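Alright, structures below, take your time with them.
Both complexes below contain subunit A, partnered by subunit B and then by subunit C.
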Partner chain A sequence: MSTKASRSAARLMLAPAVILLLGWMLVPLTLTLIFSFQRYLPLRGGFQGWVGFENYVRFVTSSAFWPSVQATVIIVGGVLLITVTLGILLAILLDQPMWGQGMVRILVIAPFFVMPTVSGLVWKNMFMDPNNGLLSHLWRSVGADPIIWLSDASMLSIILIVSWQWLPFATLILLTAIQSLDSEQLEAAEMDGAPMLSRFWHIILPHLARAITIVILIQTIFLLAIFAEIFVTTQGSFGTRTLTYLIFQRVLESQNVGLGSAGGIYAVILANIFALFLMRIVGKNLDR
Partner chain B sequence: MARSVTTQRKSLNTFIAWTIGLLIFFPILWTILTSFKTEAQAIADPPVWFFFDWTLENYRVVQERSNYSRFLWNSIIIAGGSTILGMIIAIPAAWSMAFVPSNRTKDILLWMLSTKMLPAVGVLYPIYLIFIRFGLLDTRIGLTLVLMLINLPIMVWMLYTYFKEIPGEILEAARMDGAGLKEEILYVLTPMAIPGIASTVLLNIILAWNEAFWTLNLTAARAAPLTAFIASYSSPEGLFYAKLSAASTMAIAPILILGWFSQKQLVRGLTFGAVK
Partner chain C sequence: MGQIVLQQVTKSFGEVTVIPPLDLTIEDGEFTVFVGPSGCGKSTLLRLIAGLEDVSSGEIRIDGKESASIPPAKRGLAMVFQSYALYPHMSVRKNIAFPLRMAGLDRAEQDRRVEQAASVLNLTDYLDRRPGQLSGGQRQRVAIGRAIVREPAAFLFDEPLSNLDAALRVGMRLEISELHNRLKTTMIYVTHDQVEAMTMADKIVVLRAGFIEQVGSPLELYKNPRNLFVAGFIGSPKMNLIEGAEAAKHNATTIGIRPEHIHISAEGGAWSGTVGVSEHLGSDTFFHVQDTGLGDTVTVRADGEVSFRHGDRIFLTPRDEMIHRFDAQGLRIA
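Then we have the complex of A and B:
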């Protein structure tokens, strides 16, 4: 159907986006790659020679590396566990007939629209502060000693804050997926006397499998990169220094660009592993 | 047969759902309430709920002391600017891929998506250097460009999935009736594309407004948007809860309202059309 003229016009329309994204990807990434093989300290004269893979070795052998991997895995895993589990339950609940369904949905989704610095600071000060936070009031009112959240339970605190932000996303996507479930199938199972748990296990969960996979992949990619929530709360102390935060500190705080760049390349590789899986699913969807 | 439910069951659903909904919403509600209290009431134990002397004092102080409106203006310019700029580039791109697909269209779309997966921290220093070199550090233009670029893949994808839903037969019919390319775009496609374009704009304003990696790392005093302004409260000044609340409320209110309109689009936009 498309003529030769319309095809070249189409190419012209596509070009700006492709060129810009290509530049955005290639230029900085190439620079990072180049820096990663250099000894590069901007505060001490900048470029100080080529060092081969030394930065890569130093980054993974430094004492901060494994704890940061551990922190990353715990935070990403913890948030995924909470948001996906609660997200499924909430989606099923919100799909039930009730009064004020639209309003409840608005309440549940709202945290997603709160900017990360606000949610970090509101939780840190107004809820988790050991003296004046609402949670400490609550603990004291039942006679317990308040928890010093962000230092004594730092990981749990970060996981809670980030889960609060991402639960709406999981819920909303899973709810959308549930609503596409053929309700006749469920009714048939209900009439055949299948108990609720078995209906959930054999009908709802398999139907949600794809949506759950997508939620996990997309959230993983975003969660690997969380920054502001840590920046305004613990600043990476008390064991909350994730890989992203460690690289940020190496690059901008201690201005060891070579070392930080090697870390950056590791982060890029890690993110790409998850991205590959996600793109396979999304790509399959394009063919339909 | 519609699924029939007893009133009793429906009441129970309603009760549970509202309880959970309010629990999830509570931190936001509490922030809004606290913003109208005095500092003493804000940290009172036991907490005061609704019966206090409502005051607008905090809002006045936040504006006066820190010139809140400047940060607000920066946020508006950066979020709005990056969205408009992005749409100018994304609409033609998505359009051409949806209506004149080639055998490379799928690869290009997936490749665009992959640029979105690039972890920002991996390219932080190069961008930082480029910004210094071109005098873009702490400027609204610089930030607008970066936010446009990081959201461009989402814009293209979202528009693509919307454009793809416009049936091709309509175009053929228009052509048979003698419509040229100009009429085709102006009178046939544009009206059908507007809802998709509007949704994309909405989602991107939200994403750009809340972006908090580049806005924190590439701005200082002049171009800082609200994300960075709020982050400045992590210093001891954050101990003024009522002021923090007022500043937070003002920062999130516009986007909460926009967000409520964009629930459905959010799903499509953030799953790249994989869930609709």
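Then we have the complex of A and C:
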């Protein structure tokens, strides 16, 4: 790949992919940008003139904006906390030699293959249904009143559903990281007088630091955009309206494309700030 | 305070017996080397002493205290691993201080001991670096430092030099020997390299398939190998082992003669042959002599000045008093 001809040939061959990807990204982004500066109401005749930054101002000053940011942060934070903590524990557990290891590992990864919509519906109808759900049976079996999950503990329910989906991802990445730990390091620590918990704290956890940052980075980007789980369960009510869901409501329920687009741009900026921030952390971690 | 006694120690993994019943006493302050070909159980034996593996049966007494059932950290031993097993996310200082921190020593005492170990090992300038920024030899020294600060009853080394290049290995060999002379602590050192064993040990334990073939000082093993295995394993280049008629002349099944105990001459001698490959080391020259009618190629050491060419006809004379005789079972005939 060093001659002039081969380099230009390479560029030529890369071009279709690059153009496709750029188009895929740039066209919707540009359209969103254009819409965000318009008053555009499809049911009332569509384009009704340019309004400058009015949509942006309206979006952030609406009473629904800050609660939606808060809901997003709580869901992302809660899911990250659960998946990373349980992921580490599960990874350690799965790293132990045991009978049927391969089968167990596949089973653990299984939830990741279930589509978000399906898992949302399964949880809503099979587990969290106040009358027929498994959880309500469980509660009744010990004589307690069943929790009406999706309205009384709506936030927790969403966090649980999403965590269930993302736990396999975290476990998988952390498991591979644990497997790369040199066993002599653990033995050395054992000889040095470190009990089990100290070995975890001083050897295993620092070894996992990089993998944990990667899990957090990737999950955050995807979790900022969760939609299906909310759509099929609470429909954004009971305080579960995230930023993504708010944008959806503005565009499709209020039929205000301009306002929704402005929200979309905010979301893009927010996600990018976050990604940049995390990239730097990962970069720093990878340097070592 | 570092006597280690093994009594009827065995180890098996499932069906496979790695260490058949074995007795061994390592005296306080002794530098003992376990040597043997790979897979002979020498590392397993070390790990049994360390407590990283459980014995299947038998007793290990460290300092007179039955230790087979107490956890590794409580045995008062420190181990240096083949891969050094440094903690990559900690600075050199923290690595060395780790066992002290785990023991709950106060900061001032930790610092004092780390500084002391660092000055002994010439690591003072590197205390704030991470292991990843050090060379192989320096990492090795950090690993030793981490062992020293605990002031253990004995040091265990598991092939510590096998990841170093040849020049560094010679240097570290000297440093470890020097360290032993200074600390006078019991050290157990595992290696497959008989040169390391010969140069460093007070006592060599030759192992094969879990059995102890011979225990003794380097010169004892060199002069009086108990059997054919030890005879072939100790010494470099290897002892020439000759069977057949020539051996029968000495009333033995096999005789052994070391390359350095054969006289080489162009005029005449007991055996004759043609020179094959010759290795010139400067100080010495090793000739591999073929067609002697003795079976294998015979290796002979000569002075660096002696020069024969490939294919030259030469004569060999073994020094009779240096011939080792072995019976049909491979055991030494006294």
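Everything below uses one rule, namely that the second predicted complex is superposed on the first by the 275 of 288 C-alpha atoms of A that agree within 3 Å, B and C clash if a C-alpha of one lies under 4 Å from a C-alpha of the other, contacts with A are read in each partner's own complex, and residues count from 1 in each chain.
The working rule: a residue touches a chain if its C-beta (ideal position, glycine included) is under 8 Å from a C-beta of that chain, and two chains touch if they have at least 3 such contacts.
Quick caveat: nothing in here was measured; it's all calculated off a predicted structure.
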Side-by-side fit of subunit B and subunit C on subunit A, or clash: fit
Contacts of A:R58 with subunit B and subunit C, given as first, second, both or neither: neither
First (subunit B), second (subunit C), both or neither touched by A:L107: first
Three-chain overlay, vertex subunit A: subunit B-subunit C angle, C-alpha, nearest 10 degrees: 80
First, second, both or neither for A:E187, with subunit B first and subunit C second: both
Which superposed partner A:S198 touches (first subunit B, second subunit C, both, neither): second
Winner by number of subunit A residues touched, once subunit B and subunit C are compared: B
Partner chain(s) touched by A:H207 [first = subunit B, second = subunit C, both, neither]: second
Partner chain in contact with A:A225 - subunit B first, subunit C second, else both or neither: first
Distance in angstrom between the closest Cα atoms of subunit C and subunit B, superposition on A: 6
Shared subunit A surface residues [contacts with subunit B and with subunit C]: 187
In the complex, subunit C residues that touch subunit A: 50-52, 71-73, 77-79, 81-83, 85-90, 98-99, 102-103, 130, 132, 146, 150
Parts of subunit A lying in touch with subunit C, wherever the complex brings them together: 182, 184-185, 187-195, 198, 202-203, 206-207, 209, 288
Partner subunit B, residues of subunit A touching it in the complex: 1-2, 6-7, 9-11, 13-14, 16-18, 20-21, 24-25, 27-29, 31-32, 35, 90, 93-94, 96-101, 103-127, 132, 134, 137, 140-141, 164, 167-169, 172-173, 176-177, 183, 187, 210-211, 214, 218, 221, 224-225, 227-228, 231-233, 244, 247-248, 251-252, 257, 260-261, 264-265, 267-268, 270-272, 274-275, 278-279, 281-283, 285-287
Subunit A partner contacts - residues on subunit B that touch it in the complex: 1, 3, 5, 9-10, 13-14, 16-18, 20-22, 24-25, 27-28, 30-31, 34, 43, 45-47, 89-90, 92-93, 95-97, 99-100, 102, 106, 108-110, 112-115, 117-130, 149, 152-153, 156, 168, 172, 181, 206, 209-210, 212-213, 216-217, 226-228, 230-231, 233-234, 238-239, 241, 244-245, 248, 251-252, 255-256, 258-260, 263-264, 266-267, 270-276
